[in-house]
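Quick one: structure below, then a few questions.
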Amino acid sequence: APASEPTSDTPAAQVGGLDPQPLAERTTITVNTAARVESFSPLFLAFDKGEFEKENLDIQFTELAGADALPGLGQNQIQVIATPPSGAVFNAISEGIDMRAVMPCYLENEDRWWVRKEFADKGADALKGQAVANTTGPSGSSILGLDTYLQEEGVEVKEVTVERFPPADVPQALIQGAVAAAYVPEPGARIVEESGLAVAVDTMPKNGGSSQCTYLFGPDLLDERPEVGQAFIRAVARTMRDYLSGDYKSDPQTVKDLAAALKRTEDEIKATPSLTFDPEAAFDPGLYTRLQGLWMEIGGILSYEEPLEVSDMIDERFVDALQN
Amino acid sequence: MTATQTGAYTLIRKNRVPLESRAARHRRRRRFEIALGIAVPAFLIGLWEVSAQLGWINSQFFPAPSASIIRGWEMVLEGRLTSDIADTSYRVLLGFFIGSTIGFVGGVAMGMSRIIRKALEPMLSAIYTVPKLAILPIFLTIFGFSDAPIIAIVSVTVFFYVWIYTMEAVVAIPKGYIDAASSFRVRGWAMFRHVILPASLPSVMVALRIAVGVALLVTIASEFIVGGSGVGYLIFNARSLFRLEEAYAGIVTAALLGVVMQGLITVIGHRVTPWVVRGDAKIGGL
Amino acid sequence: MTATQTGAYTLIRKNRVPLESRAARHRRRRRFEIALGIAVPAFLIGLWEVSAQLGWINSQFFPAPSASIIRGWEMVLEGRLTSDIADTSYRVLLGFFIGSTIGFVGGVAMGMSRIIRKALEPMLSAIYTVPKLAILPIFLTIFGFSDAPIIAIVSVTVFFYVWIYTMEAVVAIPKGYIDAASSFRVRGWAMFRHVILPASLPSVMVALRIAVGVALLVTIASEFIVGGSGVGYLIFNARSLFRLEEAYAGIVTAALLGVVMQGLITVIGHRVTPWVVRGDAKIGGL
Amino acid sequence: MSEQLTAAPAEGGAAGSRPKIEITDLSLTFGSGPSAVHALGPLSLTVGDGEFLSVVGPSGCGKSTLTKIIAGLIEPTGGEVKINLAGTSIAPIATVFQDYGIFPWKTVLSNVEFGLTVNGITGSEATDRAEMWIKKLGLAGFEKRYPSSLSGGMQQRVSIARALAVDPEILLMDEPFASLDAQLREILQEELIRLHETAGRTVLFVTHSLEEALVLGDRVLVLTARPGNLLDLKTVPFGRPRTAGVRESAEFGAMRLALWEHLRDQVQIGAPEAGAAK
Amino acid sequence: MSEQLTAAPAEGGAAGSRPKIEITDLSLTFGSGPSAVHALGPLSLTVGDGEFLSVVGPSGCGKSTLTKIIAGLIEPTGGEVKINLAGTSIAPIATVFQDYGIFPWKTVLSNVEFGLTVNGITGSEATDRAEMWIKKLGLAGFEKRYPSSLSGGMQQRVSIARALAVDPEILLMDEPFASLDAQLREILQEELIRLHETAGRTVLFVTHSLEEALVLGDRVLVLTARPGNLLDLKTVPFGRPRTAGVRESAEFGAMRLALWEHLRDQVQIGAPEAGAAK
């Protein structure tokens, strides 16, 4: 059972809104992302555009694979992790380590499940007993999309083998026919599409970004310094509003800034469509419950038996405060 | 004792132990040494346990050894750990065997022939430091998604250790031994069998000891990436699910596997080099 | 030639090359060997290039070397590659220095003292095969999130290679040399300086050559995980962005860095062991 | 190596009709440039078939170098050595090295069997032959031991046994008895004389003992200080069959003294020359 | 090692008043169980201060073992050796090993300086001393060379120079001249006699040459075949100062012959005993 009481009715910040409210003193926090991918555009752009500066915040970035950063978060060496809600996070929460999702990274993106044509033609039933690939194995959030696809013909996720591959190797695994279907992360979809061997299925949850990537706070920003957490959220949300609304990639300056922030070429930025960022996006708690349910069904993922409450996983104080 | 001694003194050379009790003393010392070898890690593990129990270290992130041991035992009973150990051992040993065989043959060839050495050494030096995990896709493409790419990576990595060491060991063989054989017009296979092999064997066995450890490390690292089974997968999976007791149980399993495999190589090494006089010697009075 | 020769025959021992031209012949051979050392990898790269150009291999997954080289050169001009090389080299060399220093000291101590060896060897054998990347959180907790955890992992890994080899090299020192020094009542530091160090140095230099490669491999593997900068991060990042030319440019950079570092150790090794007679010798007529 | 096989000219004669070893203008310089050491020669010399040639000369004058050139282990830097072989022995040439050169990884028995094994003689034939020499050299009981547990003299005897076991056409011995006690030395001298006289083997025998050189040799080659040049080539007047008893004769003492005086001037303090060989 | 320091009893006498080396019931068995080799003893013997003791005995009888026990390199398995030192030398004991024991990684000069360096004598003092011995041993010009490029006899001379350079109270020499030519050997014998007679050093000198044992020694210790036991301990009647010339005397020849006969029976074929030492 979680160690701390739900805290959603305690106000995180005195004043709401998106306008800068610099902290009284200069504050440094460490933020971890697994990689510099587009999902984190607001974060890196906020840094480049001085939005954190306006909050009197100094950000230190680290790039650790998801689970490697959790101990740092729990021990207040890291203040924020941007990550999908994984089995690791749920297990850590169930261990009583105080960490909660506080804001979705984005609302929607273009990552899809791709199914090899010979299987797609025969419907979801054909995947029964087959191997499919993603970057996390069955304990990642992309199985939501797989589940939706399989549910159409009453197949359960348990009935396929979900193999984990390094992101860069997923398209190859699919094209070479090592797996029947794969969740292809940006920007690999282009290669799969060009091969013509697989088709995309549109089964990831709509407005489901919160289930695929959230900002996660640890005890430091949740309990000890919520005002710092609020300042962080404000800066990120402001960046979404000011730079990343609508089809932001149609603005050459934004493309240029993003290329710099993400250390890519402008061509690469333009190669994929704009994601949907929304400073007012709400969590879809149902997705968290569904994920937890799926993982319990598959077994061997969650180290606890009594399901966690949504309030153990999500803390909406910070986004709520933005609306005031 | 290195400065000039001043004043008269007497040195006495004598045996402090009666001859009859030498064997007994030897046995006692062996027992003591084994006990010491166990005591040191036991002490450290005990220290960790106490620290975890007393809260000196955060047992949420660094679970007490007892918890990991209990979890490990449960996994044995579930049959999971044993099957992972079997999978990993198979990959380690097959990869080690292939890699060290080719490495040894290559090392001998390059040690014995200057022209082969000069032709291949620069290229092999370069390939040696190619990050093998970065070219995993090549292996996957060639070998498909089975045990084979892991075994291939392990073989390649082991190859380099054994190759370099064997080559250097062969080059370092005292010329006197080569001469003694050459004077009987021995060359080629007979030279290898009678001189090169036994003369390099003590060094090669050390390299093999290192290499079997490397094979295990690389197998585990590969299992992190090409998941599915094995102790590496167990550790990675447990870590990425934040099941830390399980992860540490896996880590300890890896360590013990390493001890067993290294011990085996060491014992075999002593068996195949019976002529080597092993250091009962204290060096320089230490 | 090992069977009994039958029938009369004559052996002739003579120099086929006039003395005056020996130096010239030596120079010519050196040049030939260097050319050969370059030709072999050049040929293989050429083969790859042709295969990619002719579509024998899928250049989407295995881009032509020329493309990688061009991309690599662009990255140099952008200043990115050079800064990654600098970051990686710093980590490699510092980690290598720390690890090999401690490994050497530990190896000598354990080689010289039987009791230290028996006490610590089982534990070190076990820790040797602990997958270091699996205990990254421990390093992160202790060293924070800077270069330090990478350097720590590299140091620890290098330590084991140098430790085992040094220990075995010290144990293998012919007793005659120890005796010659002991007979002058030399022990401790003087024994180390005059006997242990030089007698083990040739083996230790080989171990260091292996270890600097390991240091590079481990640095790159760590940069895969603890990202941000360095050649490993470059490769990892490029791969996950499907910039395969860039990834291969990074891989080639790693290989070349390895060649340079190994070459450096080899040259230093020759410098510090001037008494070692190096194999100009052909062994057994090969 | 600088070895080249030539079919012997079909002169139809017995092997004995041609000299066994023909040394012509042989010279050797180690290294090159300023650190070169001119170690030997130019030396010209012929060793007859079945001849026992003793070689004496100051320490460092190139005796071991000469032995190694003939054994095919060092390539001469000038001149040549022609070795005419009949092809009748297990091994054409066997060498006893100054530093023994026995293999630490082989037992005494395996060491002695070595020359036989690599020449295709194995099994009990090899063992019997080896055992015979092991006994003759006083090593019985040590067959299964490794060289590291033998005394210096015992190791030297293993090396001698290894060479004698193959009954070579040419026996090259580099100070083979240096580490043996006087009694054993004399026993082995007799053994060697018998071997030479009955089997007609050609022997090149390097020694520091002038007495030994005279007791054993048909001729004694006296080398100058480094670079070793022919200082003298003395024919020993004692007939064959010969016993160690010859050393009691007055003629023996006189010859020994003559050799001694001859060599005295050669014991000098030499430094490595600058520059290559002339 | 089995070394123990005891302050000498304050008897107030000169160092010469007590024996230098007291050997009591000394014995040594290598290994244990069925493969044990009883190599030496039990042996009791006293070597006087300033005495030159020659040691002869059949190959493999334990001479090197005895030397190493006295040098403190092998722990005896029975009995003891007491070494009384005055503490007046650079190094109390120096040893010339049968296999030379010089360091391949040190140049000739550094090898010879070794005993000085580790005893605190460095810089030009060490170099001058070493240079002197290098010259005396005919190695001038080879100072900067490594041992691998020296002949066998030259390496042996480096080993001798290293021991003599520290001017030890006790000099242990194990067949030190075995690889040297007769002329050089005689020169070094004279040098050694001078050193012993003028500096009063105690010398234990293992040799296979009975002649050499007699020319040099105050007494000659004759050991039996393995396990080496005291067979005889002969006092050499030639007075001091002595020259190598004594070997021409009739008495010398007679003594040499007596030793020879005495040892003849000892040259036998020995096998390692089963079981440990008695």
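Should a chain be cited, it is by its letter among A, B, C, D and E, assigned in written order, with residues numbered from 1 in that chain.
Convention: contacts are C-beta pairs under 8 Å (C-beta built on N, C-alpha and C of every residue); 3 or more make two chains touch, one makes a residue touch a chain.
Here's who's who by UniProt: B, C = Sulfonate transport system permease protein; D, E = NitT/TauT family transport system ATP-binding protein.
Computed from a prediction, not measured in an experiment: that's the story for all the values here.
Under the touch definition stated at the top, chain A and chain D share these contacting partners: B, C. Should one ask which of B-D and B-E has more C-beta pairs in contact, the pair is B-E. Among the other chains, A has the CA centre that is most remote from the centre of chain E. Once the centre of each chain is set as its mean CA position, chain A and chain B turn out to be 42 Å apart.
Centre-to-centre, using mean CA coordinates, chain A is 83 Å away from chain E.
Chain B and chain C have Cα centroids lying 17 Å from one another. For chain B, residues that reach two or more other chains under the stated contact definition are 2, 61, 137, 141, 181-182, 185-186, 190, 195, 239, 277, 282, 285. Shared contact sites, meaning residues of chain A that touch two or more other chains, fall at 65, 68, 71, 75, 166, 168, 172.
In chain D, the residues that touch at least two other chains are 1, 72, 91-92, 99, 118-119.
The full set of touching chain pairs reads A-B, A-C, B-C, B-D, B-E, C-D, C-E, D-E. Residue ranges of chain B in contact with chain E, taken from their complex: 2-16, 19, 22-23, 282, 285.
Listing the residues of chain D that touch chain B in their complex gives 1, 68, 71-73, 91-95, 97, 99, 101-106, 114-115, 117-119, 146-148, 166, 172. Note for the complex: chain C touches chain A at residues 60-61, 136-137, 140-141, 144-145, 225-228, 233, 237, 239-242, 247. Residue ranges on chain A touching chain B, taken from their complex, read 65-68, 70-71, 74-75, 86-89, 91-92, 95-97, 136-137, 139, 163-166, 168-169, 172-173, 176, 178, 301-303. Contact residues of chain B toward chain D in the complex are 176-177, 179-186, 190, 194-195, 198-199, 201, 273-275, 277.
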